[in-house]
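Data first, discussion second: the structure below is written as structure tokens.
As written, the chains take the letters A, B and C, and residue 1 is the first residue of each chain.
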């Protein structure tokens, strides 16, 4: 694979993405052929915030390829607690491991890590910013369960404003022709404008609705997400909406027989337990596709990878990113790198945040 | 093995238990023959409460069979902290791993997990309820060190009321003929009536005494357990008993040369350190038998195991279990399943607790 | 290897140390030849205080030798929290694992563990006392990067009073001829007298200076360490010294082109990030040498090792060690073992602390 690091799924070319999907399916069909594919290789999972599920999925993927795992899931126990910089940690772990999966609460961390790592970096989530292997999971699931990645009517339901998995899935699916997105949420929790711009610029289109019942009959795919109670403007508002965005058996009766239900998990109560027993529920098998997707990704990334440091990157501007959750706020040595976004606007290379000059 | 899940040791037939004991001995004799027995298989240890010792024993067992391990030991770091149900966690992890060892503070959790898991579940402790691999450890130790599992005079000393390992060992040993139990404790901490009923219904018998000195001369086996200070009615009562249930060199002088001393560990001060240097002390080698016992159990459980979900279980009654520590108290979707225990009494399928209609 | 346990680097004979250095280089040159060298063996990392970096280095070393790993990094989660003694923990884990790396906040813990362990013990740090694999790391780095272990002018800069890595490195390097130590610190943080005595008794010599600028031109090696702010007598004193012991580009201009910069890591700000891009910076590659050093050490220690308990050690004196951080303060069953250090002085076998009779 030409791509060294996967910070966002868009780091993969369309061709690379399709190769990974096909490889995932090949591994699923003949897992014993891949049992020693990563023999002698080590994956390090550096989880600066705990996320057992994602970590276990990466670990299982590597172990099922015959590789080994090291890592931590708690910054308190690590050298970080002694004030070590991300740069130093990545440099050292890059000397131990052959590939690194990193998760961090600050946005842009994986991009920063990629600047200093001699081995491939996979972003396992950087704050509310990106989580490409979740989207890979979704796409492998759709390819297998819906049978195609184009010409789909995809409903996305819940908190569409803050859900990075939703944004990332939309971005990826717009690269396939004739997909139609039904965006199901309250006006306050609707998809940000820049995502709508991406859809408009593609061969796809979207509709916004405020009720799951209204949208469900025409869907090929229903992608459910959780709405956190804190997201509502008031307790009264929350109560009013209670149930409107919950999938249960009565609502499911209105859906096509062939509709596929996905969810990034963990769920709380936005899908009723009764739905689990319906054949259309694919959110558990989805995690298994996620494991195969990660196996394929790790395998492709290690293929032909050599341990070498990237050249030093110099700052492009004399400004600071003004996103409070950007990794440049805490790791001060990081060079300021922006692309000019038109007008007086700069786009931060790490967190994709906008800064006005 | 016919049995899919091992929630209690009684889930194993007598024949299966003997096969596991013999297999444990075979592995101990020729460990190199089993180095790759579980190649390509993954054990997940889901420890909802920390118990490093038990977790490491399971992990070592799997690693020495050539298998791999994933898991967590801290619910705070897991999806559970985000409100995920046991059912969802088990379903997802059952897609990653080939066998699951679960430990949980609530009673009945392993039985609940077994209802939803596509892969074999081993109970690694569910609150004060069951801990079958500890009893397996004890039985493998007795078979090897005492040379037989029948015709033994077995002293059990300490807190016999709250000690699940004591109850479970007695239940298992009553299935072998002519064992005699000497129950050594204060009246307040004596064995519950239902355990006495089990002995009475078997080919075994028991005596209750209140002093270790009195009991020790006739014992073939002495099974020591810890009495927690909080179990005594008062500090004065604790002081009065202090030392009565402690095994030291003077008491050991009264015992047979062939007596075997067991303890589930960790010990605090109920066995004096001097006793460690006596040949009759078997509590350390006991942990090694435990490792071989777990290796044999894992191997047997994986043998011929297929990844498949059990059929959905429907509730049997419209009542709720009234045991405050039962897993049904916190996992509300679990179907209420009871067996009628005579009169107005229902027996909970998860925690074995009694509920009056 | 004749040596069973490595509590201090001085446990290794000069010949054994050189064999390990050469083996480390051989593994580095042909890692694939050692991929299965520890197949079927288990390393247990018992970390009674967290130190992710050291733990990951040991784990990586074992995994790259084809071995497996178990362990803990948090005493709260272990049987220790239930009051288990070090002796019991070591005895049990010694039944599971083939080699144990132990880290503990109390001084003398590794020596105590070695008394009870049936398998080899490596000290991974016992309080402020010893940390032999860090020194092994330093020595392997010097051998490769400086090209020799004798006739070196070695500057040691920072907190030389409290730095165990500094003391241990000096002790080891005095066993090679004609090394010269330039000790760079404030008078308050200078090397303890007993270390100066060791240098004086060897074929080496030392000079003390109070400024890095003054010392740097003649150095072949610069070993940087961190000075914790709390070590200064006052905030005013700290400010006055601020920068004097910091390595930056201007100071580096005064150094030889061939000087090698080492640091035990993690660093905070005692080496400016700009220095990382200078070819003389060897502190990152040093961690890789550390991994190969640990691989060689583990391999040598397992070679011909048999699982057997050491004979019981009896106390030599009726005194107690008066070092408040000595492991004998908390593990009361440990036999008091002293060597007579002349006069009324006893030297504790565990922590090397002095007790006046």
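The rule is short, and it goes like this: a contact is a pair of C-beta atoms (placed from the backbone, for glycine too) under 8 Å apart; a residue touches a chain by one contact, two chains touch by 3 or more.
Everything quoted here is computed from the prediction, not taken from an experiment.
Chemist: Same or different: at the chain A/chain C interface, is the fraction of residue numbers used by both copies above or below half?
Modeler: Different; most numbers are used by only one of chain A and chain C.
Chemist: Through what angle, to the nearest 5 degrees, does chain B rotate to match chain C on its C-alpha atoms?
Modeler: Fitting chain B to chain C on C-alpha positions yields an angle of 120 degrees.
Chemist: Once you find the CA centre of chain A and the CA centre of chain C, what distance in Å lies between them?
Modeler: From the centre of chain A to the centre of chain C is 41 Å.
Chemist: When you check chain A against every other chain, which residues touch at least two of them?
Modeler: In chain A, nothing touches at least two other chains.
Chemist: If we count contacts the way the header does, which residues on chain C are in touch with chain B in the complex?
Modeler: It is residues 39-40, 42, 44, 68, 70-72, 76-79, 81-85, 87-88, 91-93, 95-97, 312, 333 of chain C that touch chain B.
Chemist: Can you check the complex and tell me which residues of chain A touch chain B?
Modeler: On the chain A side, the touching residues are 32, 35, 50-53, 56-57, 59-60, 63-64, 73-74, 265-268, 273, 277, 284-285, 287-288, 291.
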